[in-house]
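The structure's right below; bear with me while I get my questions together.
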Amino acid sequence: MTISLAFDLLLAAALLWSAWRALVNQDTFRSVILFIVFGLLLTLAWARLAAPDIALAEAAIGAGLTGALLLDAIGALRGKDRQP
Amino acid sequence: MIDPLIWLILLPLAWATLAFLLGPGRGARTAIAGLSLQLWLAFDLAMKIGAGGPALHAVGGWGAPLGIDLAADGLSAVMLLLAQSVALPLALYARAYFAPDKTETRYFWPLIGFLLAGLNALFLSADLFNLYVTLELVGLAAVGLVAAGGGAAQVAAALRYLFAALLGSSMYLLGVALIYGAYGTVSLVTLEPLLTADAPRIVWMAGGLMLAGLLLKTALFPFHYWLPPAHASAPAPVSALLSALVVKASFYLILRLWLGPFAPLVGALAWLPMLLGAGAIFWGSWQAIRTPHLKMLVAWSTVAQLGYLFLIFPLLATTGALQAGVMQAVAHGLAKAAMFMAAGVLIKATGQDMVAGLAGVAQRLPLTLFSFGLAGVTLMGLPPSAGFLAKWLLIEAALAQGYWFIALVALAGGLLAAGYVFRVLRQAFLLAPVAYAIAAVPRTLEWTAFALATASVLLGLRGVELMALLAAGSAP
Amino acid sequence: MSSGLIFAITGVVLFAMGSAGMLLVAHLLRRILAFNLMGSGAFLILVGLAQRGGTPDPVPQAMVLTGIVVAVAATALALALLRKLHTLNGRTELPRVEDD
Amino acid sequence: MKTAAIVIGAAAFAATMIAALLDLPPSAIHLPRLVDANLPVSGVTHPVTAVLLNFRGYDTMLEIGVLLLALLIVLAVGTHDGADAAPTADPMLQTFARLAASLMALVAVYLLWAGARQPGGAFQAGAVLAAAAVLLHLAGVLPAWREPGALLRSGLAAGFLVFLFVAMALLSQGTLLQYPHAAAGSLILLIEFALTISLGLILAGLFLFLSGGQGSDS
């Protein structure tokens, strides 16, 4: 009981930390990496919530595909970045 | 036996997909055929509701709270009628407006189909989460229509619109999540008896979040910042659709929730939307009077006209107030679609979109200027237009309850509307030589705009029937 | 305290962070991240709050699956517009609103 | 100034809401019981799949519509200015990617099949298929997509169309998406099969069209 509670709290803290870092980081590439880490942590949270279906979807779509889309976009945006 | 309620959702989905399968730029005829059928279905549904009262359809045969219910009452029937009667002439207009094989039209028809399906599904849904999905369907389709084939300014406007829409729907979604947490259901019908004035605090927060999110999506002042660029930079047929119908969808949902499950909570809150509405009327009209661009003027007029919809909230104890609000939604829907269509003709004919550039245009495009003027009559609220009827009902309800200042706001708004409508007309009727070469425009463009403008005026004479339909559904 | 409640509270903080990000962050790519954080927060609240008693509830779980697909659709759309904007004028931020 | 106001506002919002969450009484309606009671007649034995494709199947139908719509807009917005420099990778990597992609296709089939009884189903299977396509693209086996041809368009729309057709066909009995008892299981499997293909194509398309439209135009 206490161990699972501690795990939940730790996971919650890790979720919030990665989300926070993804938002405030000035380097978009690091932001996206942190966001993917956030997605993977979220997968764990769904598993803890007895929602394996969502965990699977989150890993594949939330972290995986969204992450790939974001990274690809960074590649395109970096291609010819102009400072405003 | 054909159930119009379901086919109003399935039909646009079907022709949207078909148009996509046919390939880029195709599908106009399919769309027009589909929309004609939909208009007939909407009339059929209105007749059925007028005769037999509200209709309910339990999707999958499960029924709430396990399944999703579709429900249609007088209010939904009126909104469905409005949506189909604006969409059909607009489709004819759009087909003539877009040059074939332009990039902006490659996926125009499927997008229109999904937008219409989303609107119809929204007007018929009685399930909070299902409503979220329909909101996203409408929102994303609208953003796509603004962005398609555009330049940098248009894409920037679409992005601003997208983020406003997503912020709004996320707030709505959180509200739904909290409601499910509090009551264990998202069905409007099941919620209604459960949600009482001594609801837990979280339910109040849920209501606040949903209201704020939907106000943002309706672009009520001061949440209107995204609307003028989006509605002004989109192609004319898209602007017409957005101003006439899309912003009304979230207004409809506010009204539905306000009168439905959240009725026990909203008592003291009613002045907030009214004050914001008054702010919208003054600020929107003022901006419309100042802006040098024609389509920007029409877009700011939408910001102002949306304000009227929210003047009714403190008055909802009398049935006249609801009638006034719905009448205003219908009148503005028809008139604003016509006005954007006429503006589209003027821009296409003169090749520019400054109000100052319209000098003398009336001699060359009398029908279009006449349509613009007729739509203006409705926006100003002159008799016998539907806009007049809406203002009349509003003022009557306000005076009956002693709120004379609401009546004053409505009257002042009419004068301000005259200010920006006559700005355009005066310029166009100047006996000056036309500054720009007038290009020939297809007759369809002029006549479809004229038809909608005429409808917005003549509807004032048939308002009784519309009010009877609205009343037919209000008793569950 | 059940897992459900812990993650519902986490969801509230995520939603608040995400909405502040939507309003404050100028770079559009990170604004898209903020939108996704808002969504994830709402999903955690939806499932977490419904399961605060400890029993799994398949209804909000199915809703979240729907929500995740809608979120990825919106994200892809936002990225498409952002990339288009960048090809057109090289910017990754929106111009300031001039309320003319 | 504005920043401080928004940050303080967000913090106050979170604090108020957490306080309100902590003293929320149990909900009046307990849907899991209803789901369990109706599970035997739903055609599947996994509760989440039953909700997703039967009890709230209408949501799912509209949601596939949203996804297809997003793809349409990506196509409608897409620029076609960049030359697609097909990424080249060494043959070892390509062989490996092919192998991994075939394995992922197998996983997708398994997920689809398992969905009726345990976690899994069309969404997860479709996502895995899409991931396989993205992998093949990154390894240089599969080029990015441009304007979709008739065949690809049909594939993209198939899942939604099958869903729509089933809905229309069942309307002859009077109710939208009410599966007849005996056929519920097989109808759901049919829809899920079509959905898997389309979801895989659409999700892959979101990546491959974006990538092909604008990606490598340096």
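Lettered A, B, C and D in written order, each chain numbered from 1.
Rule of thumb we're sticking to: a residue touches a chain if its C-beta (ideal position, glycine included) is under 8 Å from a C-beta of that chain, and two chains touch if they have at least 3 such contacts.
Bear in mind the structure is a predicted one, so any value in this text is a computation, not a measurement.
Asks: I need the common contact partners of chain A and chain D, sorted by label.
Replies: The shared contacts of chain A and chain D, listed by label, come to C.
Asks: Report, in whole Å, the distance between the mean C-alpha point of chain B and the mean C-alpha point of chain C.
Replies: 27
Asks: Just the number, please: Cα centre separation of chain B and chain D in whole Å.
Replies: Result: the chain centres lie 30 Å from each other.
Asks: For chain A and chain B, what's the span in angstrom between their mean Cα positions?
Replies: 38
Asks: I'd like the Å distance between the centres of chain C and chain D, where a centre is the mean of that chain's Cα atoms.
Replies: Taking the mean C-alpha position of each chain, the two centres sit 17 Å apart.
Asks: Taking each residue of chain C in turn, which ones touch at least two of the other chains?
Replies: In chain C, 8-9, 13, 15, 17-19, 23, 43, 49-50, 52, 56, 59, 61-63, 65-66, 69-70, 72-74, 76-77, 79, 81-84, 88 touch at least two other chains.
Asks: Can you tell me which residues of chain B touch two or more of the remaining chains?
Replies: 129, 133, 136, 140, 143-144, 147, 155, 180-181, 184
Asks: Which residues of chain A are in contact with two or more other chains?
Replies: 53, 57, 61, 65, 69, 73, 76, 80
Asks: Which of the chains are touching one another, listed as pairs?
Replies: A-C, A-D, B-C, B-D, C-D
Asks: Which bits of chain C are touching chain D when the two form their complex?
Replies: Touch list, chain C to chain D: 5, 8-9, 12-13, 15-17, 19-20, 23-24, 49-50, 52-53, 55-59, 61-63, 65-66, 69-70, 72-74, 76-77, 79-81, 83-84, 87-88.
Asks: Taking the touch rule as given, give the residues of chain A at its contact with chain D in the complex, in rising order.
Replies: 52-53, 55-57, 60-61, 64-65, 68-69, 72-73, 75-76, 79-80
Asks: Which of the residues in chain B come into contact with chain D in the complex?
Replies: 1, 3, 6, 10, 13-14, 17, 20-21, 23-24, 57-62, 65-68, 70, 106-108, 110-111, 114, 117, 121, 129-130, 133-134, 136-137, 140-141, 143-144, 147-149, 155, 180-185, 190, 194, 200-202, 205
Asks: Which part of chain C faces chain A closely enough to touch in the complex?
Replies: 1, 3-4, 6-7, 9-10, 13-14, 17-18, 21, 25, 27, 29-30, 32-34, 36-37, 40, 43-44, 47-48, 51, 56, 61-62, 64-65, 68-69, 71-72, 75-76, 79, 82-83, 86, 90-93
Asks: Per the contact definition, I'd like the list of chain C residues that touch chain B in the complex.
Replies: For chain C paired with chain B, touching residues are 8, 15, 18-19, 22-23, 28, 31, 35, 38-39, 41-43, 45-46, 49-50, 52, 59-60, 63, 66-67, 70, 73-74, 77-78, 81-82, 84-85, 88-89, 94-95, 97, 99-100.
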